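Here subunit A shows up in two complexes: once beside subunit B, once beside subunit C.
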Partner chain A sequence: MRTLVLIGHPDLAHSGTQAFLQAAAGALTDADEWDISAQGVPDSAEILRLQGEMRRYDRLIFQFPLYWYSMPGVFKQWLDTVWTTPFVSGRPGEAPPLAGKELGIVVTFSQAQQDYRLGGREHFSLSELLRPIAALGLAAQMQLLPIFPVAQFGYMTERERQHLLVTYAQYLSLPAGAHFADRAQWFAAWLTQHASAHSDYAAWAAALTAQQEQLADLHDTLAEMRREEDDAL
Partner chain B sequence: MMDGEQQDALAAAIRQQAQQTADYVDRAVLLELADFAEAQQRRITTTGGEIDGRSWDHEHW
Partner chain C sequence: MRTLVLIGHPDLAHSGTQAFLQAAAGALTDADEWDISAQGVPDSAEILRLQGEMRRYDRLIFQFPLYWYSMPGVFKQWLDTVWTTPFVSGRPGEAPPLAGKELGIVVTFSQAQQDYRLGGREHFSLSELLRPIAALGLAAQMQLLPIFPVAQFGYMTERERQHLLVTYAQYLSLPAGAHFADRAQWFAAWLTQHASAHSDYAAWAAALTAQQEQLADLHDTLAEMRREEDDAL
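Right after this comes the complex of A and B.
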């Protein structure tokens, strides 16, 4: 899985939230990142090069702070310039270049997450507000990932930030629609990769995997019992 | 195979290691891992309980 995070922030250098997310991605994933606000206005040759680069990835992530209920202008301007019609819709008779790839959205904001819902302080959900991005992704025949919201990073406790760090890394790297078993595998892989750091890590990875196999066996048994009960009715 | 008590010990051991880990990222992963190991054990206990309950359902004997 090759993931590219496209970060569009008007003042990336001074964003503690973005710095935290970038550190998480750098430490725990193989994802690449582009600071699109630093790319300036690309000429036609550069646009083609950027498009070619993006095609090399399986998953693209749009990452930005919410500005007036939308992506910041710097991100929109970049999209309007680099995501040309042939790049999004494809040339006649050809599949769009991004068809089948995944599109995720990491959106940060300073309000509480529950403000963004029907009847909440902001009245609209993030799913409603970010529909233009979904429309763009669907036009490109991409598969949409669930939105990854980061609310009020500045107010988070240390434990909440630790949780964010891991769930964000998993959002970038786990398969779409990841299950509990995928997360077990992610943790076991991390322990295995870091086995030289602590003598117990390899044993913990084995225990975690064994427990997951036990859980899978139990689910199989339960499914079989349910089938037998249904057949008996 | 580990029983529930041993698995809780696993989560406790991971959490203890997290407290002794200076690296910020490693500590975060270990704390999340400890929570995950507990959640995994809860699922095993719950699913096992449902199997036991169905096995002992006299209407299906």
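Right after this comes the complex of A and C.
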């Protein structure tokens, strides 16, 4: 799985959220990253080069803070310039260059996640607000991954940040629709690989591997209970 | 009705559609226009000045070509900069500065209008794709006007362009929810005012005024028939 994260942030250097996510991606994944706000206005040769580079990946991630309910202007301007019509829709009689690849969205925002729903403070869901990206993905014949929302990073506890670290790295690395067992296996491998970084990692990895079957059962039961709870709302 | 049209187009000078709309607005309305792509990156004093200017209008119109299913980056970047959080949402305990004003959207695109619907070539409706603007209008407590779509201007006949000219000018000038009688009256007044421009204008204005009641009846009947036809689809 070759993943490229396209980060569009008007002030990347001063974003704690983005710094955290970049550190997570660097430590836990093989994903590449582009800071597209630093690319300036590419000329036509540079546009072709960037398009060629993007075609080498299996998964592209749009990563940005939500500005007025959509991507920041700096990201949109880059898309308007670099994602030309032949690059998205293909030339007549040819498949679109990105057809079959995956498109993920990592969106950060300072509101609570439940604000984004019918009757919530922001009225619309993220799925509704980010529909232009869904339309772009459809035009390019890409497979859309579920949105990965990062709400109120500034208020997260250390434990929540650890959870974000792992789920974000998995969003970048794991096959789409990975089951709990895949996730546990991925995490065990990562813990083993980084055993020298923390005295407990090796033991956790061993426990994860040994108890994988019981953990998967437990996970399914919990997921079932959560579904029943949601249905009761 | 004081209307300000905010035009965000990366290449305004070479857009035939925008030139046509600008000419229509200039000839038929008192609306003011800003070419926001020409404003560059405003500093904080300039931002405050622009905000003060916008507050003087009753109706703001976002006018732009659809780029990848949303507004062009140049427009979004201007919004991200000039529409600050206090300008949109108001300061704590105060009403938003734009509360109660109207927000219109004039969107131009090269596809057929019926491509933008469920099962159509572009999959989503304009109402779905432009939801971020609806969310922005809600945050600012503005009244959203129905979208004014301009599809395939390049293929329009002279007659279709004349119709566009009038309906666009009305979109900028007439009160929201204006009935047919208001529209006819507006058009009659405009024909009278511009009687010197065309030998038939004065006669048309007289006919419009004299037959206003019959025309309104005819319009209602046609509208009713159209509704029944739509229901049958």
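The definition used in the following text is that the second predicted complex is superposed on the first by the 191 of 233 C-alpha atoms of A that agree within 3 Å, B and C clash if a C-alpha of one lies under 4 Å from a C-alpha of the other, contacts with A are read in each partner's own complex, and residues count from 1 in each chain.
In this text, a residue touches a chain if its C-beta (ideal position, glycine included) is under 8 Å from a C-beta of that chain, and two chains touch if they have at least 3 such contacts.
Keep in mind that this is a model prediction, so the values were computed, not measured.
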item	value
Contacts of A:Tyr69 with subunit B and subunit C, given as first, second, both or neither	second
Contacts of A:Phe124 with subunit B and subunit C, given as first, second, both or neither	second
Contacts of A:Gln77 with subunit B and subunit C, given as first, second, both or neither	second
Partner chain in contact with A:Pro10 - subunit B first, subunit C second, else both or neither	second
Touched partner set for A:Leu138, first subunit B, second subunit C, both or neither	second
Contacts of A:Trp204 with subunit B and subunit C, given as first, second, both or neither	first
Shared contact residues on subunit A - subunit B and subunit C	none
In the complex with subunit A, residue positions of subunit C that touch it	10, 67-81, 83, 88, 122-124, 128-129, 131-136, 138-139
Subunit B - residues contacting subunit A, complex	1-2, 7, 10, 13-14, 17, 25-29, 31-33, 36-37, 39-41, 43-44, 47-48, 50-51, 54-55, 60
Contact set on subunit A toward subunit B in their complex	23-24, 27-28, 159, 161-163, 165-167, 180, 183-184, 187, 190-191, 194, 197-198, 200, 204, 207-208, 210-212, 214-215, 218-219, 221-222, 225, 229, 232
